[in-house]
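As written, the chain order gives the labels A, B, C and D, with residue 1 at the start of each chain.
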Amino acid sequence: MIRAVAIVLLATTAAAAQAPADFKVYDKPGDAGGAIIAEWKGLPDEGKPMAEGGVEYVVSLGLSKDGPWTEIERFPGTLHRKNEAPDLFGFSKSNDSEHFIELEGLVPPPGGPWLGTGRSLPTWVKLEVKSPAGAAVAGPLMAEAAPDWWSWNKSNVLLFILFFGGATFWLISKARRDPNIFVRRIPGLDAMEEAIGRATEMGRPILYLNGLNGMDSISTIASVSILGQVSKRVAAYDSQIMVPCYDAVVLSVCQEVMREGYTAAGRPDKYREQDAWFITQEQFSYVASVDGLMIREKPAACLYMGYYYAESLLLAETGGSTGAIQIAGTDSITQLPFFIACCDYTLIGEELYAASAYLSREPLQLGSLRSQDAGKIFIIATLLIGALTAAAGFPFVKHLMATF
Amino acid sequence: MEPFFKKLLAMDRRWIFLALGLAVIFPTFIHLNLPGLKPSPNVTAVYDLIEGMPEGSKVLVSFDFDPASKPELAPQGVAVLRHLFRKKHKVVAMGLWVTGVTMAKDIVTRSAKESNAKYGEDYVYLGWKPGNFAVIENMAGDIHGCFPKDNDGNETASLPLMKGIHKLAEFDLVVSLAAGSPGIDTWIAYGSDKYHFKMTGGTTAVNVGSMAQYVQAGQMVGLIGAMRGAAEYELLIDKRADAAAGMDAISLGHYLIVIFVLLGNIAYFVTRPRKGGA
Amino acid sequence: MEIFGAWLAVGLTLFMFSFLYKDNPFYKVGENLYVGITIGYFVIQLWYKTWIDKVWDVLKGEAHDRFLVLIPVVIGILLLTRFVPKISWMSRWAFAFVIGYGSGLAIPATLTTSVVIQAQATAKPLITMPDKSEAAAKATEGAKANAEKVAAAPAPAGETTEAKAKREEGVRVARYKYLNARSQSEYSFLTAYKDFTTIVIFVGVFSVLFYFFFSIEHKGPVRVFSRIGILFLMIYFGASYGNTVMGRLSLLYGRILDLKDYSRPMYGCATPVILVLMIAFLAFLHVKNKGKEEEHAA
Amino acid sequence: MVFLKRQLPLLICFIIGTISAVQYYIPTHLSSDVAEGLSNWYIIVAMFASLLGFVSVGMVHSKKIQRKEPGWAYSALVFLGIALMVVLGFWSGGKETYDDGRISPFGWLYNATLVPLQSTMFAILGFYVASAAFRSFRAKSFDAGVLLVTAVIVLLGNVPFTNYIWATGLGIHDIAGVKFEMTDIVGWLIGTPNAAARRGVTFGVALGAIATSLKIIFGIERAYLGGGD
């Protein structure tokens, strides 16, 4: 009986004494510097508990080939597998049985350049394998950490931008040659003309809001271009517009755009700078003011274009109670339902960006609408292929969509 | 009937405001105790944890929110404190948000008074110190050094309860009621992950999603979510209060809106000009 | 000070609420004070958090590149040329900076969070392949045994209705656990239901995208899909609206709780006193205005 | 001159835009420093933008007071608000709470005014969700009917008492193992069709945003410059 146990022990010792294959140490790719990676192939029995012949890996660092060594981490064979870090190793099946460890905080050579720009001291890594029966060592191997100039694992996003950008510019130049492009009806925008007309008849002003984001937001930029088109029509109808602003840069841009609109309509004399003004930069005090304004001035039409937050309903419901025609346009996913409920027309999401193209009918703008459609077709196709291949057991399309 | 419905359609919206206002105010005076609220597993986990600790356990309660989140988190705080005081645990309270200092003090003092807990022996309110996560790291080493005086200016070392507590790790449990960051995430990252004390807490409706991951990952035990969670906790400690009344008020509000919508639609269909009719 | 603060808070709260009745002098007071207070607050925040922290302290510091901080200051001052019409075009440089910064940041950020991650979540297999492994079968077997055991447990004598409801709930939970395990190891009704849900999401995303096609005429199959898309949008609007009511009413309740809190004598019964005074004043105003109207009519 | 007025802004926009987009792909410290630097610059520029706004608010209201326009006294309140905050703010050194935990006069004013004002406006939303629902949830068309029915189901399902009647009263728990309590129905509506539609809208929005950003960086979209020379 005792002899039998000894034989089993001997057998496991022989298995565990084997050093892991393919031990490699190298600079971590796509990082800011200061980190290296060690990787190796797993051992056959590493998944078992220690008592049944499993293994423990011990990783140590040193600044020379002969040490002295500092133990960095000690972990069982079930941890630190390469499949935990697809940003470094991708999705290969073999990752399930291979290990890696990231060693950070490497030091620069004394007096050398700072790690953000230079290489670290040559660093040696040693891997020890321990099991109840014995031990083995791989390495030590040397690597230097260096900063990298490109994150290759983000290439999928870049590729999409390049393709989409290319398509946009190509379709814009195509639209320049042949500006006859079909655009589907957007009822909210057709109603805008009507609303401006009605305001003129009633002798009441039009209220135009740009949303609560600053000029750096795409929604605001779209809103300001729509304001340009609206002020052209307001000038032509000789109506009046009020633009209370939430942000001073937006205010200034609005004034420029409105002046331009009035000039384009041939009525630069009618432009008044005080039609756009700044209220304040805090969500609810801005809304309290605008609500008061609505009740007192009773605008014939309220146009809400841009990005909104919780205040959307406070605006639209007050506007609705004054009997104004209300047209909203927002790409704020959370606030759309409230505008839909309270406004006569609502531009949903992307329609906000399409609006200025629709109103101006400029080929430049129309061309980019086509590229957006192309983008949608691309997304639909990718999703379809992704779902079908995933069902067939090939998740590679899904892996292409991984973000890091 | 038609004239009535016509009037209903043209109804001044202020009647709706009035009705809703009454529906929400009414349950704060007369508790309805509508049935149907079921304690969710996450809330029960918090309750079981506090219930299961031996009498006299040391618990740190951190009020990491400002008055804006008071409706959701104050009832949680009151319910948890009631439970803690009832189980005769020792409570040390504090906060990581500057703007919540006075509010937290009010909550702690009121709950303590109601449970006849004595200041300095059964509970202490330390108040706030600047530094976010640094406060936690500081407390991990030396609480007396971090808070030499309590919120009222008493020497911390002179308080009997604080004589037995010097380091964060000496607490049996830390409860963070957080409306964002610094809050539960900070306590976990700089506190419990490093110094291994038990951690639980509560948060607002918008944060439940992001905080729930810590429960799943086992970094904290249970989570009280929003006013509903507070109402469930009140149910568990069998002391219905603000949150339960709040759930009743909100329930009435929902029903009222549904009734208005249905009435509006009935009126719309009754008064709609019929085809071929006059 | 605390009592004065309570009166201020209650007063302003009721002033703002009075807008629900109609626009009135109280609301106007609240509204204009509110605007002033926020501006004052921003002035202080900007002075300490931006000017002192990000400009002044940097300039006073030792960093070799500290004078770089003057560039945004100059850009910022360019904005102020708006007040001098002759050179106001210089402010465009500042606009260009702000807009360029925002657009540049938006491209990779939007693409990652709104396109790639969302697409990854949508591209799921539409039909689940059952997990034929031994472990899955074992898990189902175990869950089944447990469900049967829980269901077979006899009801204790003299069980209260509450305890009975709890016990029955336990039986159901055990059964759901079993059915869930089974749906993974073999193709069951629950699996079909889960696949149905995945397909609904898929169809929803597609049809909504079809709705947004601008340069393609909506007729034929595109029309069918965009119609389905509209239905999905309607469900989204309805469900999101209904789901928000809870949060909004909680906040309203919280406000009312605060008002009730401030009715306590320790705050000098702020709420009822201010409320009564306001109602009296509004009633007085109402009567006075009515008198005026009648005068006009006469 | 035309260069300074038209081309230079476009050039600035192109350079800043490209830097802030490309920085996403460069992992070095230099790149993250540039990103941080740019965001700091942005904050500083934004401060001057706010200054621009404050000055224009001051001008609007002081004009009203000077000309004694109707309601000019309300404009005076704006200045009162500003003065209160600014004086107490500087007095308290911009801190809402002193380092020893005592609340400063600035913090006191913040708690006594801004906090209740903000939460009251939020609370008014509670009233508005009710009145908006009453006025606009009308089954005027099939589409509107779908919206209405979904909203009503979600409203009812979110109340624990409805679920109590449904599950305990009517005894409906599941259909062939698929959970079918009121809360499950609401969960499905929110998690499935609602999520799908949101995702669809998000895709569209993202494409539009990227296209617009590209047009701005490359100077095709230049409405923000206004007209003139």
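Note that contacts are C-beta pairs under 8 Å (C-beta built on N, C-alpha and C of every residue); 3 or more make two chains touch, one makes a residue touch a chain.
As the structure is a computational prediction, the values presented were derived from the model and not from experiment.
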Intersection of contact partners for chain B and chain D: C
Busiest interface, counted in C-beta pairs: C-D
Farthest chain (mean CA position) relative to chain A: B
Chain A and chain C: spacing of chain centres that average the CA atoms, whole Å: 19
Computed distance of Cα centres, chain D from chain C, in Å: 9
CA centroid of chain A to CA centroid of chain B, Å: 33
Separation of chain A from chain D, taking each centre as the mean of its C-alpha atoms, in whole Å: 18
Touching two or more other chains - residue numbers and ranges from chain B: 13, 17, 24, 250, 253-254, 257
Set of chain D residues in contact with two or more other chains: 24-25, 42, 46, 49-52, 57, 110-111, 115, 117-119, 121-122, 124-127, 129, 131, 133, 135, 137, 147-148, 151-152, 155, 158, 168, 198, 201-205, 207, 209-210, 212-214, 216, 224-226, 228
Per-residue multi-chain contacts in chain A, two or more chains: 154, 161, 214-216, 218, 221, 248-249, 252-253, 256, 279-281, 284-285, 288, 336, 338, 340-341, 348-350, 354, 372, 376, 379
Arrangement of touching chains [line / ring / star / complete / other]: other
Chain pairs in mutual contact under the definition given at the outset: A-C, A-D, B-C, B-D, C-D
Contacting residues of chain C [partner chain B, same complex]: 20-21, 245-247, 249-258, 260
Contact set on chain C toward chain A in their complex: 16, 19, 22-23, 27-28, 30-31, 34-35, 37-39, 41-42, 79, 82, 91-92, 94-95, 98-99, 101-103, 105-108, 111-112, 115-117, 119-120, 122-127, 129, 202, 205-206, 209, 212-218, 233, 236-238, 240-241, 244
Touching residues (chain side chain D, partner chain C) in the complex: 4-5, 8-10, 12-21, 24-25, 37-38, 40-52, 54-55, 57, 71, 74-75, 77-86, 89-90, 93-94, 106, 108-117, 119-127, 129, 133, 143-144, 146-155, 158, 168, 173-174, 176-179, 186, 188-190, 192-207, 209-210, 212-214, 216-217, 224-226, 228
Touching residues on chain C, where the partner in the complex is chain D: 1, 4-6, 8-10, 12-13, 16-17, 19-20, 28-52, 54-55, 68-69, 71-73, 75-77, 79-80, 82-83, 89, 92-101, 103-111, 114-115, 118-119, 121-122, 165, 172, 175-176, 179, 188-190, 193, 197, 200-209, 211-212, 229-246, 248-249, 251-256, 258
Residues of chain B touching chain C in the complex: 14, 17, 24-25, 28, 70-72, 205-206, 226-227, 242, 246, 249-250, 253-254, 257
